[in-house]
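Dropping the structures in below, format is structure tokens.
In what comes next, subunit A is part of two complexes: it sits with subunit B in the first one and with subunit C in the second one.
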Partner chain A sequence: MLLKDFFKHLLIYKSAFAGLIIILILVGLSIYTIVALPYEEATKLWRAGEQYWLDNPRNSPPSWINFFLSRKLPETIVLSTDRNQPGVSKAIISVEGKFSVIRVEISFNYEYDDFPSEINLFFKSNFTASAPKVTVSWIKPNGEEIILKIFLISKDYSYYISNDENLVRDLISAISKKFNKTFEYGAPLPLLLFAQEDESIFNPNTAKVTKGRYKLQIEAICFETGIDLFSKLVIYGKVHGWAGTDHLRRDLGIALLWGAPIALSFGVTASASTALIQMFIGAISAWFGGKMDTIIQRITEVFMILPFLPVLIMISTFYKFSIMVLLVVVIALTMFGSGVKNYRAMFLQIKEFPYVEAAKAYGADSLRIVLYYLIPKVLPTIIPSIVLSVADFVFLEAALAILGLGDPLAPTWGKIIDDAFTNGALYKGLYYWVLEPSIMLAAASLSFAMLGFALDKIFNPKLKEI
Partner chain B sequence: MIPKIIGYLFKRAFMLLITVVAAIYITILVANMGGYVDEIIKSEIYLLVSQSIRQNPAYRMLNETQIMRLINEIYTLEIEKIGFDKPFVYRSFIYLKDAISLNLGRALFLYSDSGSKSVRIIILERLPNTVLLFTTTQLILFFIGLFFGLFLSRRYGSLPDKISVLLSPLSSLPGWFYGIFLILIFASLFRSWFGVGLPYGGMVDPPPPTDKLLYALEVLKHMILPISSWLVAYSFINIYVRRTFFLMFSSEDYVELAKAKGLPESLIQRRYILRPTLPPIITDFSLTLIGSWMGAIITERVFNWPGIGSLFYAASMIFDTPVLVGLVVIYAYLLAVTVFTLELVYAILDPRIRAGGA
Partner chain C sequence: MSSPLLYVENLKEYFEIRRGPFGKRSYVKAVDGVSLTLAGREAISIVGESGCGKTTLGKTILRLYEPTDGKIIFRGRDVTHLGWRELKWYRRETGLVQQDPFGALPPFMTVKRILEEPLAIHGIKDRKEREKRVYKALERVKLTPIEDFINKYPHMLSGGQQQRLVIARSIILEPKMIVADEPVSMLDASVRIEILKLLQDLQRRYDLSVIYITHDLSTTRYFSERIYIMYAAHIVESAETKEMLVNPLHPYTRALLNVIPDPDPSNRFMIKEVPIGEPPNLINPPAGCRFNPRCPNFMKGICDTKEPSLIEVGKGHYVKCWLYD
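After this line comes the complex of A and B, so read on.
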């Protein structure tokens, strides 16, 4: 009944309702994350390094921004010989049992309005002594064929087509000769391979994509028999997934998802345990008085004069510790904070109440009085401040991450902001990189703040009139 | 009467001093992590010494044992030079004595812009930048809170009042967080839309103007975004807190009496509401001000502001303990001096303290 009344009260405040909804969504998201993507796996993926993420484009905004754009940005196209995809064919022709020719043809439709960001070609081959000789050629929708490169491959070979300086030079001089006009800008290779060859190509703003079916042909001459060739073509897009990618091609979704449970558990644990410990210390200080009181008050003053954030930064610099240890350190540093003084003042008043006198009279011991008579009286009034300070602790974790401190393994929202900042996301216009984690952070802390303000009015009715 | 106040102030000064000493000693312990940092520094020195000897062509003729002996000799000398040969507990008290007498020593790795290694010079070089930025910010915030707080406390329940209450949860996001958005809009987006924008960060654009007035304008331009970010973040909560505070006082009996007497509104505000509430507001302001000098590390990092926050960050990244300890010491002193000054002022001004002697 009481609980029902409380919720009725709470829902009068629309902001509290909104806050509660956001908190519930975040809790749901956290549970989903913990179940769907276990922490070990998430940290492993997050730390896997660029090799693991080689099929993702670099610094790409999320795919859904295409809804808002008139010029559709390309998605990544991955075509490989071992996936049985349409448009990929492989033929092995054995000649006289001595050597063989492997022909791979990869074709795809390109219907986007912007050029790809990069193009890479990966090979794997199982030869023993002599390396196959590979010819890679590119066929445009109009049938024009360009030989990209002829080379010998190793067992595990990557041809970074878009980094091929020679090819860029050759293509530029060929096009320049055709139109008798020089390029005024450094045309990137994806543009040269995908653009319509007319006057428009000489300006990066007017260059248009030729839409249609492109073909990549690989012809490998193998000097041994029984050789197989795996090849994979990646046409990197400019958008990726629901969250986008960072400078290491990592899917930001992992850190955005895992940020939620980490922020919530860190914020709630830190604020609840700090408030409870401070209250307990305050109660002991007020109840026992005398020497105990003096000692606790002096310790509190020492901690109040120590600047919290700098000391925390010092500690986390010297020990790059995990998020759990960080939590303990934060609690240890704040437990003698200014809150102790406030609680002590409250308890000094309560101490004189008749019901406490009564408890003393029938012989309750100190611990019993502190735990069952003093603390329960104050407990409801501190709930709003616990909820309110969750926001502070959520941001504390983010702040430490932005200073390059905090848990080196955990993928958190603060980490993304830090990465974005160090890699100049705001200079380069990669706004999604900063906005996504920021919106999550803001949602998490605003929801607790809105709920906290409303709770404050319910639990401290004096404020309601004002 | 007077001796009573002096006795009380002496007692308070003594207590504050002990608090400061304890806080500084804890800082020294934390900064040295029980000798953990010493080991890092020692091994670094060893590496440096052995590298410089092995690469020195003059010692090419020596054999391995001779080289090792030479390395150890020079290493021991270097260790003695920076006083690392004594046990940590002994050294911690030397550090404490130096720190308390503000003899902050020499930085291990950092230099001041003028090339000095003295911690005091390094800190004093940065301190004015921080004080400039955050004192301006806090002063603006203070007056916004005071004026709008008074204004809304008279019109409470009105639309502007309701709006400011509704917006106060916005202050749960810190200033640096709004800073990121302001940079995004006013530095980055404005540049792409209009070709001009406010600076991304820093204090002056290179090359710094030689003309004093131009220099000041340049610095002012760089202060716009950091100050705005704090105003967005903390204005509403400031107004809310002040308004609530004034409201509580405006229902006091003596205010009612003044109203009944028919005194003009402005006089009631000044004499009956502002005057009795000013001491706690001033206390709050001065403590927040000092706090903001130290607590703005992240704002300084986001805006690349060359103040003591950035200095602290830089020092903690390369384990420059003397600088770290120096900053905390100066902070603790500033705080203690502020607290003491406030108590001194109140002891003189507040008749209750004057009479009661505490």
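After this line comes the complex of A and C, so read on.
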């Protein structure tokens, strides 16, 4: 009943409504994240290294930016022989029972307006003694065939087509000869394989994609029988997923999702526990007075002049930081903060209220008076400031991560910004990398700020005019 | 008279004042050598103007302040310097009714919670038992129908109802003695008599002793049997109520009685004589009799040099004045 009235009162303020909606969305997102992607799994994925993410393009913006672009950027195409995908065929022909030929044909439609970022080909084979000899050839939509490379494969072999310098050189000289013109720029291999072969190819800005059906043929001559060959072609696009990827090909979505529960729980826990601990210390200081008061006040003054950041840096050099340790350290460093002085001032007043004297007269002990008589009196007035400072602590966590003082394992918003910063995201024009976590951070702190201001108006109506 | 319920002897309560860390120490002598006795089922009044130390006296008797000197003996037990654990017993045996009823009630607790607090503190854990006693207390102070009040917050009650609640809280532990510190001075004139009648009724019915502290002599006659007049931390006169009202001896008592308004139309142009000046500073009280700078019967060379002693002038009538020595 009381709660219902309270919400009715609260929702008069549109800012509170908006803030509450954002908070609810973030909380929903956090619950979904925790259920769908447990923390251990998320950190494992996040720290898995590039091998795990090998099917993702590097530094790619999210795929939905295609909605806003006239040139459609390519998505990643993964075609593999063990997935039974259309366009992928494999034939094993054994010859005289001594050796066999494995023929793989991978074909796909390429309908994008921009070139892929990379092309890789992965092999796995189960031979015992002699390695199969593989010929890889590329067939363009117009039927032109280019032999990319002929080589022996190992049991686990990767052919990074786009890194094949020889192939690039050969293709460039072939095209230069054809048009009697030299390349003025270092044409990357995806461009050479996908571009229309005319005058436009000599300028990176005019080079156009040949749309249509491409084919990759793999012919492996095996000198044993019963050999199977697994092959996978990855045409890396320039957009990926709903969040994009970073320099290690990781899906930023993981960190964006996990950033929400971490930021919320860090902010709320730090803010609420700091306020409650400061209040308790302030109340003890005011109630007992005398020596206790002097000691607490001197400790508070020492803590107030302790430089927060250097102390944190010092601790981080001696101890491994996890998000829990960071939380404890932040609370420990702020619990004797200036808030203690404010609360003490409030409690010095409340302490003299007749009802406290009455409580003493009917036998309440000091702990009971502090907990049941002093603190409940100020609690409603400080709830707004607790909510407001949630935003501060969310920002603090992000700022510390950017300074390299965060949890190195946890995928957080601050960590993404840190990665983006150290890898020159803005210099390279990868705005999404910085904007996505920043927007989440801004939304989280804005929501708590809006709610906090509205709560302030309700709990402390005398300040309404200010 | 059997042994008294409360016996206070030469009670002193000094508050230390120090200006700056190396400043000179001085003391506010709020209560300076007060003695009084209170029999079981007796009601006494302590009367004096603001700043005379009467509230401090009441609170010191309740051990809300640590007495500087003197003795408080309650039911044969010396409670002057009781430790925390034994003090709990004394807390259960005594009650306090304060001046400002709204301030005396924690604003964030409901009526039920307010009344349950003393019970919880004194170890009554059974919820049913607590509820029973809460209902009983509310009935005794006539806050009925109880269901209307039990879940309300103090600010939803009127001043009179708040004071009834304060009284209910002070009697819920069934104490033997209550200190009522100006219980009606902040109430409407219309409810003053009701509250005083209630206190008197409770006192008679439940064997309570009451120390009624007031600045208003006119309300004392409603139930106190004995009046102590306090001036500048001293008891200057004490007598049975009737005797005191009929035959005041100390010049200060006379002055107090003189200023009680008398609703007689013939008095409308009369200007009452009020002792000039203000109550003395309790850090440096005047030498001799503390009333001497304001006294109409001031005798030079006597009153301002030596302090008079409390002498018995009639049966149970004591006065501290050179006029009767």
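As a working rule, the second predicted complex is superposed on the first by the 466 of 466 C-alpha atoms of A that agree within 3 Å, B and C clash if a C-alpha of one lies under 4 Å from a C-alpha of the other, contacts with A are read in each partner's own complex, and residues count from 1 in each chain.
The working rule: contacts are C-beta pairs under 8 Å (C-beta built on N, C-alpha and C of every residue); 3 or more make two chains touch, one makes a residue touch a chain.
These numbers were taken from a predicted model, which means no experiment stands behind them.
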| item | value |
| --- | --- |
| Joint occupancy of subunit A by subunit B and subunit C, clash or fit | fit |
| First (subunit B), second (subunit C), both or neither touched by A:Gly290 | neither |
| Touched partner set for A:Phe421, first subunit B, second subunit C, both or neither | first |
| Partner touching more residues of subunit A, whether subunit B or subunit C | B |
| Partner chain(s) touched by A:Leu441 [first = subunit B, second = subunit C, both, neither] | first |
| Which of subunit B and subunit C A:Pro86 touches, first, second, both or neither | neither |
| Which superposed partner A:Gly143 touches (first subunit B, second subunit C, both, neither) | neither |
| First (subunit B), second (subunit C), both or neither touched by A:Leu388 | first |
| Partner chain in contact with A:Gly97 - subunit B first, subunit C second, else both or neither | neither |
| Where subunit B and subunit C come nearest after superposition, their Cα distance in Å | 7 |
| Intersection of the subunit A residues that touch subunit B with those that touch subunit C | none |
| Complex interface listing, subunit A residues touching subunit B | 15, 298, 301-303, 305-311, 313-315, 317-319, 388, 391-392, 395, 398-399, 402-404, 417, 421, 426-427, 429, 431, 434-435, 438, 441-442, 445-446, 448-450, 452-453, 463, 466 |
| Residues of subunit C defined as touching subunit A within the complex | 59, 62, 64, 84, 87-88, 91-92, 94-96, 98-100, 103-108, 117-118, 121-122, 166, 169-170, 173 |
| Subunit A-touching residues of subunit B, taken from the complex the two chains share | 15, 18-20, 22-23, 26-27, 30-31, 33, 36-37, 156, 166, 168-174, 176-177, 180-181, 183-184, 187-188, 192, 200, 244, 247-248, 291, 294-295, 297-298, 301-302, 312-313, 316-317, 319, 324, 327-328, 331-332, 335-336 |
| Sites on subunit A touched by subunit C in the complex | 353-355, 357-365, 368, 372-373, 376-377, 380 |
